[in-house]
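For reference, the structure I am asking about is given below.
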Amino acid sequence: MIDQNTNLLIVSAHSADFVWRGAGTIAKYIKNGANVHLVVLSFGARGESNALWKEEGQTLENVKAIRRSEVEAAAEAIGVKNLEIWDFEDYHMQITEERMMQMVKKIREVKPHIILTHGPHDAFNPDHEAVSKYVFDASVLSTSNGVKIEGYPTAKQAKIFGFEPHQSEISNFTPEVIVDITDTYELKEKAMNCFAAQTHLIEYYGWKAKLRGNHARRCSGNNEYKYAEAFTRRLPLVGGELV
Amino acid sequence: MIDQNTNLLIVSAHSADFVWRGAGTIAKYIKNGANVHLVVLSFGARGESNALWKEEGQTLENVKAIRRSEVEAAAEAIGVKNLEIWDFEDYHMQITEERMMQMVKKIREVKPHIILTHGPHDAFNPDHEAVSKYVFDASVLSTSNGVKIEGYPTAKQAKIFGFEPHQSEISNFTPEVIVDITDTYELKEKAMNCFAAQTHLIEYYGWKAKLRGNHARRCSGNNEYKYAEAFTRRLPLVGGELV
Amino acid sequence: MIDQNTNLLIVSAHSADFVWRGAGTIAKYIKNGANVHLVVLSFGARGESNALWKEEGQTLENVKAIRRSEVEAAAEAIGVKNLEIWDFEDYHMQITEERMMQMVKKIREVKPHIILTHGPHDAFNPDHEAVSKYVFDASVLSTSNGVKIEGYPTAKQAKIFGFEPHQSEISNFTPEVIVDITDTYELKEKAMNCFAAQTHLIEYYGWKAKLRGNHARRCSGNNEYKYAEAFTRRLPLVGGELV
Amino acid sequence: MIDQNTNLLIVSAHSADFVWRGAGTIAKYIKNGANVHLVVLSFGARGESNALWKEEGQTLENVKAIRRSEVEAAAEAIGVKNLEIWDFEDYHMQITEERMMQMVKKIREVKPHIILTHGPHDAFNPDHEAVSKYVFDASVLSTSNGVKIEGYPTAKQAKIFGFEPHQSEISNFTPEVIVDITDTYELKEKAMNCFAAQTHLIEYYGWKAKLRGNHARRCSGNNEYKYAEAFTRRLPLVGGELV
Amino acid sequence: MIDQNTNLLIVSAHSADFVWRGAGTIAKYIKNGANVHLVVLSFGARGESNALWKEEGQTLENVKAIRRSEVEAAAEAIGVKNLEIWDFEDYHMQITEERMMQMVKKIREVKPHIILTHGPHDAFNPDHEAVSKYVFDASVLSTSNGVKIEGYPTAKQAKIFGFEPHQSEISNFTPEVIVDITDTYELKEKAMNCFAAQTHLIEYYGWKAKLRGNHARRCSGNNEYKYAEAFTRRLPLVGGELV
Amino acid sequence: MIDQNTNLLIVSAHSADFVWRGAGTIAKYIKNGANVHLVVLSFGARGESNALWKEEGQTLENVKAIRRSEVEAAAEAIGVKNLEIWDFEDYHMQITEERMMQMVKKIREVKPHIILTHGPHDAFNPDHEAVSKYVFDASVLSTSNGVKIEGYPTAKQAKIFGFEPHQSEISNFTPEVIVDITDTYELKEKAMNCFAAQTHLIEYYGWKAKLRGNHARRCSGNNEYKYAEAFTRRLPLVGGELV
């Protein structure tokens, strides 16, 4: 059950990742009152802004400014109130020990029940793979009281879910959890439309949502599912029943 | 949530499999009011009755009679009301088309939301692997209205979970769902004790329950878990949130 | 290069499989003059005719008759001249030694350079997995001159490609060959439309073709690819260059 | 088809890797007029010059000088005109961001249709695994116009192939592409003979070429294949037919 | 340690399999006094006698007679005294329950410490895969005293090793045990030469033995290994030390 | 055979790892006269000292002092004479080139026939995975005479075994070697009891030892095995027989 006692932390490597891959699910958590914190690690200026760089005389500052306005609009579209942009350089994103501690601190501050970030494999995106390991390792360190950070006591181990990569089948992606987003798909569309220059991705993730809806129906026998998003789960599901 | 609207079908290849591997979980479903149906496919007379056959002059009838009384006592110990024993021969269990239809019929009759049976790999037990495929295929056929059985309309696709095999690590077993059985472990112990001749297995599955309890605590941060059972899930989890 | 010296044999477990999964590619071979032989093993009357069975008073004969007219229309739409329907019963399809020899004979008759059939894994479809093994084993036997069939001398080992399953990601599907079908997609649409009762599949495989087109562009850098179909390859590619 | 419009870039971690694992294929590309660029990252002075270091009083300078003359002779033997030796230290080769940009630049300069380098696994050779990731990541960066290098506009995504490791079977190597080198095997032998101190490797790769020739015959039915080399392919094959 | 208390059972699907893949190892056991029993399941008349069937007017009886003389000669060459030929039909070999019991009986009679037979995967050889499962299942049944065979009490669980398949790398073969056969390679050559019509295989397995010798040296640092054979192990090694 | 000519090097990431996972086996080597060298890389002060840090006013110096006394006591309990503590910082342990050379030197000094350290996967422990690669790479470098260290000539390639991780089943652990520790289990218990604050781990590894004993009996048919430890093997077993 999602309610105001649910803490969700999302870590997105580049500014639009959380939109294409998780906006419907995030919107659902917000709609149901969860405390949602979104960390965007980079603007994706080097690796995910091809369209912007096609303009004559484009500058890094300008690319970042545009990406910032897009990500803020998209976050707003799905109702995210707590957005942080850490402005790491991308392609390749470097994970230093200092950045590791910054993430441990964030996790201890948010105390998430659930972390949503990149899964372990992504054929064309070395940053996504680096972030997957970064966030998982930080979640492990966050639970250890030998890793001292003044004012930030340890957190409980969070459940960790991974976004579906862009090209699932060549990234060994197997959907472990499929979340119905029929109720929030409209919001996801709104968020996707904040990235005006990437029409082809808006179409692409529209098809994906419908394909995943089809899979959701077939696996569950529930015909009310229309749109869905798929994720990996990093650790076994632990609980009181067979779900 | 488990309640009186939850239908659970268990398919156990031999008479004691459901006890060692799932009695705590099954007891939990019964305790919470679920409709539980247990199908035991064989007495395990050939492959899983070593202790009984050590007695001089032992006969097949006698082995079956003893195994019947044990399985009935164990089922009663955890509160199972609907027990069927299909008395297939074991080692090797043969899955004919007729038996396939018998299982399809059972599934359509019970209309299970959840089926609990053997997982796909079991290093030392070819019967378990055959039953895993048998039940999955029957669940698929049960949803197809071209597979006609007079009086038995199609069922919805059930969720399917697999028991942990005896020697998990040499059977490629990865726990996907770990169910806390702290509340019903006492009942599981009672059920295990119905198999008097197999003291070493009672001990063995006691350790397993505690090991799985340790894993449940580590993966969830919830320290109230003492005993647990682990399962595989055959299809992706489909639902309304990240669980 | 595809030309009149190319022999292609397609083996489809049920009557529509070759359409959803390969019609664009098959149409391309026909358009380029290849000798194309299509074997449809069953009408899919039990497992893949849900819509038809919903009609009151439906009979097996009628279902088969409708399926026959659909498959003939679809084959014609893409230009297939050599169509055989073997009318095996489906769900579960039984592969006897006699049927094995029937396939060996067919392979020796057609002498295919390429066989297109089902790949090894298909999460919800045991028939597809059985046919995958059936055709591969037959292709091996077809090359052995100790497997005597009067009048049918041995064939060379064919290259074997597998269709993409319906739910790729839960079937461990990895695309090994992606074929551009931009030129023949219109024909594929025509063939799909012969299966009037299955509108949802027509939509579904439309999205797939576009997703695969996206992947084709990303993997190759060639932006002219709009629609594509993906396949597995059973054996290593052997040839004169790095392709 | 290989011709003067084909650009091939080879990246070899140590000075002899391209010879043992790819000289026959490279020679074929050269023979057919392709533009072939060979980058040798290191002399392999630390990890792959055992024989040379056995001499009393051996020095690093001398080892490098000998290795240089060997690699130049071997490159000449198969007709390579564009050879660069980057003289990284080996065992362990360090991949810095600066070196990453150096490779991106090279790729943008050569605009390869095909890159031939080390595959992802090599049981005994950590350098080979590092180079595999190095070159793949650089190929991804080379296509992104946010990764600016003055004077070097983006390249198209190259096809990437991986050398067979020294001990294939303990390195999870599965041949995906097997290239017939019957016509150029003589040149490969000549190139191998430039490494005088490593007679046992010359023998070893002779047997390999014949084993791969046997596999090529069996998989294709083409009995003219005598010698072959095997490779992995990093991305799905995309094209106009089933190859 | 191999001595007269070591019982070794070899199960070869076709008449020459044990020669190409294990003759050096078997010879070593015989040389050291072990009790060696060889069961050849079929003459391989359909699937592995291509050369013989090329002769005009060839008959099944004649093929079997030639194969019998070859296998007897090869067995003699390496010193096998206990040879049984069960004359199953090959391609495809059918494993009935009766044949299962025949194998259980054999195992209980020989009481092998070690069984050497086919491994689980063999890309081009469905018989080898069937025999692998056949022998493993029989070994499990042989230990169960509920599987009654008058006069044949249960055996202990044997260690089970699998032959290297013909094309290792496309059969997911990973060598788990590499046996030095330098001392008995000459006998293996003699045995191989009993199959006069298959010169290309004699060469092929000569290269393999040398490649495996190379691997044995590299993995162990022992330079006295010249020839070797590789095998899979079915169950974990259990013993008193780290070997 | 273990005797005074056997050199065993153990590398333990944190101070207690070698105890929980290998003390029974190490004790056995010592008991049989082997030369045993133990390197403990860190005190595990950050990641594996949760209980100690719960005390008010705890300091890093004090934690290290306690861990030192525990590890020395545990080493003494099983008879280790050569103990070195390298005092790396843990969580995350950094492997620099300098540390790589330190390990190469150690290996060349000890000349181990066997190295026992962490296996490649450990779901919750990034340090263990880093150490696994660290030690393996060092073992490879140690054999190369181009990697010069004054006074330390090359070593032979050691056999490398990996500890069982804490949560085997979610770390893809497959036991490849199971060592009977029935004779030394008492010493292992003594060593475990040196870690007073971690009672739950003492219990946990007691159950594990019994579970592994059960597996040892089932896989071997030898009923004298009571307690065991399981390991992975990094390279194929090479030797003179089928073990």
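Brief remarks follow.
Should a chain be cited, it is by its letter among A, B, C, D, E and F, assigned in written order, with residues numbered from 1 in that chain.
As a convention for this text, contacts are C-beta pairs under 8 Å (C-beta built on N, C-alpha and C of every residue); 3 or more make two chains touch, one makes a residue touch a chain.
Just so you know, these numbers come straight off a predicted model, no measurement behind them.
Ranking all chains by how far their C-alpha centres lie from the centre of chain A, first place goes to E. Of the two chain pairs examined here, B-F and B-C, it is B-F that is joined by more C-beta pairs in contact. Distance from the chain B centre to the chain D centre is 53 Å, each centre being the mean of its Cα atoms.
One inter-chain figure worth recording: chain D and chain E are separated by 38 Å, centre to centre, where each centre is the mean of the chain's CA atoms.
Among the residues of chain F, those touching two or more other chains are numbered 124, 170, 174-175, 215, 218-219, 230, 235-236.
Touching pairs of chains, sorted by label, consist of A-B, A-C, A-D, A-F, B-C, B-E, B-F, C-D, C-E, D-E, D-F, E-F.
Against chain C, the residues of chain D that register as touching in their complex are 1-2, 8, 25, 28-29, 114, 116, 143, 156-157, 159, 161, 174-180, 215-216, 218-222, 225, 228, 230-231, 233, 235-243. Interface of chain C with chain A (complex): residues 124, 166-170, 172-175, 200, 203-204, 207-208, 210-211, 214-215, 218-219, 230.
Partner chain F is touched in their complex by these residues of chain D: 44-50, 52-54, 63, 91-92, 94, 123-126, 170.
Taken in their complex, chain F has these residues touching chain D: 97, 100, 133, 137, 140-141, 144-148, 235-236.
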